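The structure appears below as structure tokens.
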Amino acid sequence: MTAFEEDSAPAPSEATAEQLVLVLDGFEGPLDMLLALGREQKVDLTRISILQLADQYLAFVAEARRVRLELAADYLVMAAWLAYLKSRLLVPEPSGEEPSGEDMAAALAFQLQRLEAMKEAAAKLMARPRLGIDLFARGAPEDLDIRRKSVFEVSLYDLLKAYGEHKRRKDGSVLQIAPVRLYSIEDAVRRLSELLGHVPDWTVLSSFLPDGGTDTLLGRSSLAAHFVATLELAKAGRVELRQDGAFSPIYVRRARPDTEP
Amino acid sequence: MIQDVTDNEEIEARIGRLRLLEALLFASADPLDEETLAGRLGEGADVPALLDELRRHYAPRGVNLVRTGAGWSFRTALDLGPQLRAEEEVSRKLSRAAIETLAIIAYHQPVTRAEIEQIRGVVTSKGTLDLLMEHGWIRPGRRRETPGRPLTWVTTDHFLDHFGLETLRDLPSVEDLRAAGLLDSRPVLLGLSGGEEAPARPPAPAEGPEPG
Amino acid sequence: MIQDVTDNEEIEARIGRLRLLEALLFASADPLDEETLAGRLGEGADVPALLDELRRHYAPRGVNLVRTGAGWSFRTALDLGPQLRAEEEVSRKLSRAAIETLAIIAYHQPVTRAEIEQIRGVVTSKGTLDLLMEHGWIRPGRRRETPGRPLTWVTTDHFLDHFGLETLRDLPSVEDLRAAGLLDSRPVLLGLSGGEEAPARPPAPAEGPEPG
């Protein structure tokens, strides 16, 4: 029945991507969106063009970026994966242990088929005559306890719910936020101001740090606090900073009157 | 019985109304009065006649259509009462305290009464454990080898049976409960742990600033 | 229908059992299995034959005797649904996520949460499993004997009752799906969910460089 679709779906157009951005809320994640895109190709999912699908999806992400739409991380992960898949499909396969581009495409196609199958199954399931909607049970059951399984009506759900509620109550009541010891910027400014009085020339910033190293939370916070403190002091014109390159040590010295901005 | 029928169409309409009446009375939680029924059956329905036909149809059966003060409803036949209620034991709702106690025993077993009270933060009323034991959900376990040698409580096979569990290991863990939404997770303070995960880094220069 | 009757006494006994069976099924809102019914009807009752007779008697009426995997129960006739629904409260509409999750559990059971997430390609939001469990449609099954011993989820008898299914084999298209290999819940190459059992991802370029 798809034989008539001579010209298969057009190349990813901006219109499609725009539409997708508009209805983004309607999707249950990136796989769901890929499935919707796949259906647009109007072919059986087993014969779908994964390459074309990847292009459509990447166009959507580009469009979302253009309109500065914040995409959830899993949409971006999918985009990255599809870009990778595309490159694997387009360039000759390197011989290695990695799955081939075709394998990856087939795996994606399978996932789409499986998801579509479940969506169709869900629709069929919900279309069945349902108790309380299409047919009804006795409205006033008589308390005869015919099953005799238990005198008490307690379901596993009740039991688990009770434990969950208990747990939540208990966790809530003992929640204590441990005091966090962090080095404050104010302390760092004070400390640096004092120490700088003793330092004549360029000195590496890390040498100003208090003992204890930077491998503890306090240590790391003191590193951060001291760095921010030097920026504060530099802004106030009290120190000068120097760094010879990215990630190289930062040097600090007292501001000279003649170099003040 | 069906005297005023003139043609097949009318018979069909009457049967349709009888079926709807039957279903309405069956599905309703409360007795229905004739006015309500007339509203549901629509124009042209002779409700008293239909009710009478239905009542007579059910009269010899195990279920009867009866009229009470409030209206009409199906009830099981009076004469079957003794057979239906042969093992009558009205089902009761278990109290919240009992469910919670049972849950704690299930998750923390073997557990002593004092421990249950400590976990729940309230005194366990005398009847609660008795009730759970009477019902066959819990039984005494081994005594704890601590001062006073208190009795511990454990769940029974009947407990597993009742709740459709094969083994105790199939009880969802706290993590499972949280994932299923049965436990709202409280806010987690991230990044405040110690330095274990700090990347290896050359130690900070040890030499202090040379005083000038 | 009543071929093996030899005398009046036997006819009476049979009618008595039919009435009791009718009353038992009528009294209960939940399905009753044949074992329970046999226990109540006593020795010598051919429960399947009695059920069949009752089912045929009710077939043209407004209330039918139906069989699901959960057992036998009286339900209003399907064709009357629209007329009855008018007054019923509109049932809470289920989210797409909940419906899909239910279908996946029904078709893939026993299935872990990570597998559900694999199939849907998204994390299961909190409350979805909770909601399905609250409806009484799913329950925890056995733990999977794989690393981490994850909990599995399965459907309940009430699920069968609600959707009018005799067995899980009667799920729509289940055999076709199985034949097509689409009921394979194993993770595939593309690991898109955050589930614990997620397979090693292909060398995704999205991964940041290792710190260090």
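Letters A, B and C mark the chains as written, and numbering starts fresh at 1 in each.
Note that in this section contacts are C-beta pairs under 8 Å (C-beta built on N, C-alpha and C of every residue); 3 or more make two chains touch, one makes a residue touch a chain.
Computed from a predicted structure; not experimentally measured.
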Relative to chain C, chain with the most remote C-alpha centre: A
Which two chains share the largest set of C-beta contact pairs: A-C
Geometric centre distance via CA averages, chain B-chain A, whole Å: 37
Computed distance of Cα centres, chain C from chain B, in Å: 17
Multi-chain contact residues (two or more partners), chain C: 24, 26-27, 40, 74, 76-77, 84, 133, 139-140
Touching two or more other chains - residue numbers and ranges from chain A: 136-138, 142, 144, 146, 148, 155-156, 160
Chain B-touching residues of chain A, taken from the complex the two chains share: 136-140, 142-146, 148-156, 158-168, 170-173, 175, 177-178, 180, 195, 198-200, 203-204, 206-209, 213-217, 219-220
Touching residues (chain side chain B, partner chain C) in the complex: 18-24, 26-27, 40, 61-63, 74, 76-77, 80, 83-84, 86, 164-167, 169-173, 176, 178-182, 184-185, 199-200
Chain C to chain B touching residues, read off their complex: 18-24, 26-27, 40, 61-63, 74, 76-77, 80, 83-84, 86-87, 113, 124, 126-131, 133, 139-143, 149, 151, 211-212
In the complex with chain A, residue positions of chain B that touch it: 23, 26-30, 73-76, 84-85, 87-94, 96, 99-100, 102-104, 106-107, 119-121, 135, 162-165, 172, 174, 177, 182-184, 186, 189, 192-195, 198, 201, 203-205, 207-209, 211-212
Interface residues, chain A side, partner chain C - complex: 28-32, 74, 76-78, 80-81, 83-84, 98-99, 103-104, 107-108, 110-111, 113-115, 117-122, 124-126, 128-138, 141-142, 144, 146-148, 155-157, 160
